[in-house]
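Worksheet: the structure to be examined is printed underneath.
Chain naming follows the written order as A, B, C and D, and within any one chain the residues start at number 1.
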Amino acid sequence: MIKVKSLADLKKMRESLQAKVDLREKGEAAENLVQIKVAMATCGIASGAKVVMDYLLEELEKRGINAVVTQTGCMGYCYAEPTIEVKLPDADAIVFGYVDKKKADEIIEKYIKNGELVDGIIPVNYESIDDK
Amino acid sequence: MHLLVCGGTGCRASASDSIAEKLKAELAANNLQDEAQVIQTGCFGFCEKGPIVKVLPDNTFYTQVKPEDAPEIVKEHIIKGRKVERLLYVDPAKKQKVEDSKHMGFYRKQMRIALRNCGFINPENIDEYIARDGYQALGKVLTELDPQQTIDIIKKSGLRGRGGGGFPTGIKWEIASKNKADQKYVVCNADEGDPGAFMDRSILEGDPHSVIEAMAICGYCIGASKGLVYIRAEYPLAIQRLRIAINQAREYGLLGNDIMGTGFNFDINLRYGAGAFVCGEETALIHSMEGLRGEPTNKPPFPAERGYMGKPTNVNNVETFANVPPIILKGADWYSSIGTEKSKGTKVFALAGKINNVGLIEVPMGITLREVIFEIGGGIKNGKKFKAVQTGGPSGGCLTEKHLDIPIDFDNLIAAGSMMGSGGMIVMDEDDCMVSVAKFYLDFTVEESCGKCSPCRIGNKRLYELLDRITKGEGTLEDLDRLRNLSHVIKDTALCGLGQTSPNPVLSTLDNFYDEYVAHVVDKKCPAGQCKSLLRYVIDPEACVGCTACARNCPVNAISGERKKPHEINPDICIKCGACYEKCKFDAIRII
Amino acid sequence: METVKLTIDNKQVEVPKGTTIYKAAKKLGIDIPVLCYMELHDLGVENKPAGCRICVVEVEGRRNLAPSCSTACIEGMVVKTHTTRVINARRTVMELILSDHPKDCLTCPKSGRCELQDMAIKLGIREIPGQEYAEMSTYRKDFSPSIIRDVDKCIMCRRCETMCNEVQTVGALSAVNRGFMAVVAPAFEQDLEKSPCTYCGQCVAVCPTGALTEVDHTAKVIRAIADPNKTVLVQTAPAVRAALGEEFGLKPGTLVTGKMVAALRQIGFDYIFDTDFAADLTIMEEGTELLDRLTRFLDGDKSVKLPILTSCCPAWVNFFEHNFTDMLDVPSSAKSPQQMFGAIAKSYFAEKLGKKREELVVVSVMPCLAKKYECQRDEFKVDGNPDVDFSITTRELAHLIKEFNINFEELPDEDFDRPLGESTGAAVIFGATGGVIEAAVRTAYEIYTGKSLSKIDFTELRGMEGIRSATIDFNGLPINIGIAHGLGNARKLLEEVRSGKANFHAIEVMACPGGCIGGGGQPLHHGDSSIIKARMEAIYREDAGKPIRKSHENPYIIKLYEEFLGKPMSEKAHHLLHTHYFNKKKDVYIK
Amino acid sequence: MSHIKLELKPEQVAKIKEICKSFNNDPGELINVLHRTQETFGYLPAEVQEVVAAELNIPVAKVYGVVTFYSFFTMLPKGKHPISICTGTACYVRGAEKVLDEFKRILNVKVGETTPDGNFSLNCLRCVGACGLAPVVLIGEKVYGRVSPDGVKDILKEYQEQQ
């Protein structure tokens, strides 16, 4: 089991974890690694985020797309739940709202495969803590 | 290239659909459909200047676009690569046209500190938190700072409690640190009970480690080795994620004994609420954690002196804690540079009600209600007129048009007759009857009053009864005076924060919507058309063709009239069910 | 001691740090009205939920009004106790309380002694705005053998809850429900009868309103007196004479034994007897039992249960039947004086009169509510006929006297009837905590040692402290004695005994703070515990003035044994004067 | 208040004892104990409270005082499908009351009641924090968002057909 025994330990750990993330983002498979986050807070799950997440996991594998699907917390767009964030290699992350299976299919086929945007983008309108 | 057309409700109302159509047609006409695509998006949250069209990849932001602008956009921008100057957004402060929307002030309206990781990391994976500087703040204070230095940072940052009262967090910690005891406690108040507020839930669901880390920092500062999270049982997902997070932190040795080899011990346990709003009050919360009825007790003694199990206890809410790690890492000066003079940093609000973009937002203190409601929130649903916004939950008040440009902070909201509360913002439109809204809140307080002190136990019931009479048309002008006096006395005499603030919805609506009250008691009318007892259904003889549909559908036979002649409703029999109104094909039924 | 200086109503005052505004004002002679607040200083009991909000005052610089009962004084504080804001708030809050309170004052048992009524008068409440459409919280009425709960009248002062839980540790009452329907009640809002209530009546003694009152038996008593076929006997408990006068405006601590007897005679009782007689009898039985257990113990009999526990307090009996079910064979088997009196009256005295027991009605006047329950217990009945028919409280007797239009103060002193009216000083002190054990020691010592006591007063056994102990030298044999009053103290002491930490030979327990003088049936002290102290002094005064002060020297007791019982703990005595105890713990593990 | 009588079986008593023991029979854990007990039994009838009180060594009146203080605890058994209507502010302004009325009308029960067949019980709760979906209805664990009065019938149908 990993134990953080000191601050130095923790810093080392952060670096290796960040590197891991970087690797995921910029590593060998960078050309085709897609990262998807599904907002899975109460509102999201209540409006069907779990179904969407399961669908994405299954379909991406079936369609042979190299992707990482993870859950995350509330993105804040409660009016547009379920929401997912898709980050293609070398592109800014894009948030899609009102995602159901049909929409997810469209996102895979059009955006993920071909980089074509589809309806239902949620414009991100905040500054993150890292911006300042 | 992409042409993003705002498909938010506000822009749609102003013809964004036909703009998209036009753009598509124009592109097709120029045989550019493969070069550029038209995409309808969710709301840009800038409905005031809608409809919006944004061009990617150059981030050009066109405002107040009309369908007839489509040919120009395609010809100039897409074909010739020249921006359509006259449609560009003009920065109101600098009076300059903004070419790249990344430089628009609008995008700085929201700023995420407490929500920094929500929606970014997998809350069930501690590694992702650590990769985003998680537990660095704890490490820093444990190895580089002593408790007082840490408290000084928090004090200097100007952080105030986000649970409602706005008490300076650093001072609270300092008091608890100075009280000597063999055991002290850090308590996280996650009993978010304001209806319409869900920021604490979102933080716990999206970033539980930030709360754990901050509690440990607090434990170090005040000299406590035990932490407790008092969390609503109604939040199963938050409980689950918090549990997972605590276990992971323990596994990593970030909770438990000798954290990071510094000799500091700290661990956290959960206590569940069981559905009592009053337990958001810290003394009531402590009693509840002790297995008792959640009744508040008189302060002083404050929990910092005598709290959980009679020991010094520091209670902060979830959002307050979530702000702590960034303050430690980025410094007090960074934090205090955000916000207003007396209210530093950001505040998370839950926008709900009759607003387009219901959601969770985090904004710097000092932003105006107008910006929040009309820009971030995308304005009022269905193009209705804004009437009021209720902040502070059952303890707060209703703010109106005239308050829209007040910079939001703790003190300004109180001055305006409301309060920050935990951050719920419920927007109301012209269809909402303010007497009914006040009654709704009083119904809540009556149900949630613990019953310990007489002003709250009986007084709120009487306030509710008065409001109920008014909505039924039985009120008098004297009742309005009674409402006011009773409200003031309850505020003045109730034992705890719940009772002391429970009349706020009454007082603020009395202050801001007195005419509406008068309409109820004098004219016996409800201007918003909400109070059933005050409505009257009548048939407009001009419009009525005598089809008899209304008479046939009336469940109590209150409608009479000959076929092909105007009908009449007998108000003595009518039960105001509205069946006739719905069945009439000729709009002949009027509600007055 | 650290002190703080503050200003109240423009007057300077200096008080110890931590003093409340209410007490600081009192020091200045300013009486801030309080309703829920109650302090029984001598007993260390304080009830300050800060719930009623009547005692609010204005504190300069404070946003809202402060409850003076629970707000500590701070250096430099400026307090105003009667500004317009305060008066308006107090009056409005009072109107609110009254808007949820029944208006049947005319027939309310508390009328005239009701603190809420007094407050309404003091604050000049003349009408309750909006009463016609104000909903009231209503609850089922609860009639137990001793106590009536009419909690429509409850104002949530929580005094009863404090007494029941913190002082008595009985735990029958708790605040239940929330908000408007919040009230103090037993579990599941069932009747007290189904709760572990001991009927000690301390809740009734402190209730400011008519929410908790005693079951009134005066009408039944009057009917019995009026019945020509009944011979009505009355017995009066020792603590009654030390408190009854208060109901007629006499100073607390005034002894009214003679006037009380005269009044009872005027009311029309056929025989005016004294429970004190039975108290002396109790000493004979209980004292003998103590010596018997002690001798057997000293002889090495391992089966002997020590310490012996007194059993004259019926609330205490109820308490251990609920809470110390593993120790049911430890208390003395002697009945209480009330029941001994009834048993003797309906046997020995009935024989003397040549009447059947059914023709006799025995009424007891008690400082106690549990006595009402006790006299209804099945084991104290013969073929359904109870040894004691009705037990009325000191307060009820005062009502009777008033109803019979008797000018109490003007009454001459009269004497009890014989034979059951003769008693000793040892019997009188039964009324105060420590008195029973002192009386027992006086007798047991002389019987055990065969010597006469040189000093009759055992001051080491007296006092107001909750738990006391003393060792009495029985001619070289140290006898360890424990005393507890208040059931919470009794629980503590008994738990020590159970765990083997304490080593006593005899323990006296009285359920009520101060003993019977502080009983639930006494004139209301309204939170002034000095009244209880004054009664105690009166009790010891009465003892000191008695010609005979040891129970075994009571000539009528001696005669009773000679003529009827034989000797203490004889078979007949056992049959008439002893009892056994039941396990009343609710069996929750139902199949 | 009406109370449903329940006779406890020895194994039920053992279960309660086990729950209490898992919290070290600590009276301070009363609320956690009650949560766990209600999870097990569905509600907290008087007898269950008696056992909890005995195990934690506190007066049963105090246990009842706590049970009646917190709205999460109930002494009445819930229906097979407990329906909870969110009447938080966001749901209120978006028409929760009309949705509630429709449930009342169709099921013919009042708030707090259970249908005679024991299938549905109707309750209100304050804010589940899903205000974006207002008005919100919960049936069991399932959340229904943006419910309109017209939609009530369809929602109920899902459960009625299961019979």
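Note that a residue touches a chain if its C-beta (ideal position, glycine included) is under 8 Å from a C-beta of that chain, and two chains touch if they have at least 3 such contacts.
As the structure is a computational prediction, the values presented were derived from the model and not from experiment.
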item	value
Between A-B and B-D, the pair with more C-beta contacts	A-B
Between subunit B and subunit A, distance of the C-alpha-averaged centres to the nearest whole Å	26
Separation of mean Cα positions, subunit C and subunit B [Å, integer]	56
Averaged-CA centre spacing for the pair subunit D and subunit C, given as whole angstrom	43
Touching two or more other chains - residue numbers and ranges from subunit A	42-43, 45, 77-79
Multi-partner residues of subunit C (at least 2 other chains)	175, 177-178
In subunit D, residues with contacts to at least two other chains	62, 65, 69, 71, 128-132
Chains that touch, pairwise	A-B, A-D, B-C, B-D, C-D
Contact set on subunit B toward subunit A in their complex	2, 4, 6-7, 37, 39-45, 54, 56, 106-113, 115-125, 127-128, 130-131, 133-136, 139-140, 142-143, 198, 201-203, 205-207, 235, 237-238, 251-254, 260-261, 326, 334, 352, 356-362, 376
Complex interface listing, subunit C residues touching subunit B	49-53, 56, 64-65, 67, 70-72, 85, 88-89, 92-93, 96-97, 99-100, 129-130, 133-135, 155-156, 175, 177-182
For the subunit A and subunit B complex, residues of the former touching the latter	1-7, 9-11, 13-14, 17-18, 20-21, 37, 39-43, 45, 70-80, 85, 97-98, 116-123, 125-129, 132
Residues of subunit B defined as touching subunit C within the complex	276, 293, 295, 297-298, 300, 446-455, 457-459, 461-462, 465-466, 469, 482, 485-486, 489, 491-495, 500
Contact set on subunit D toward subunit A in their complex	128-133, 136, 143, 145
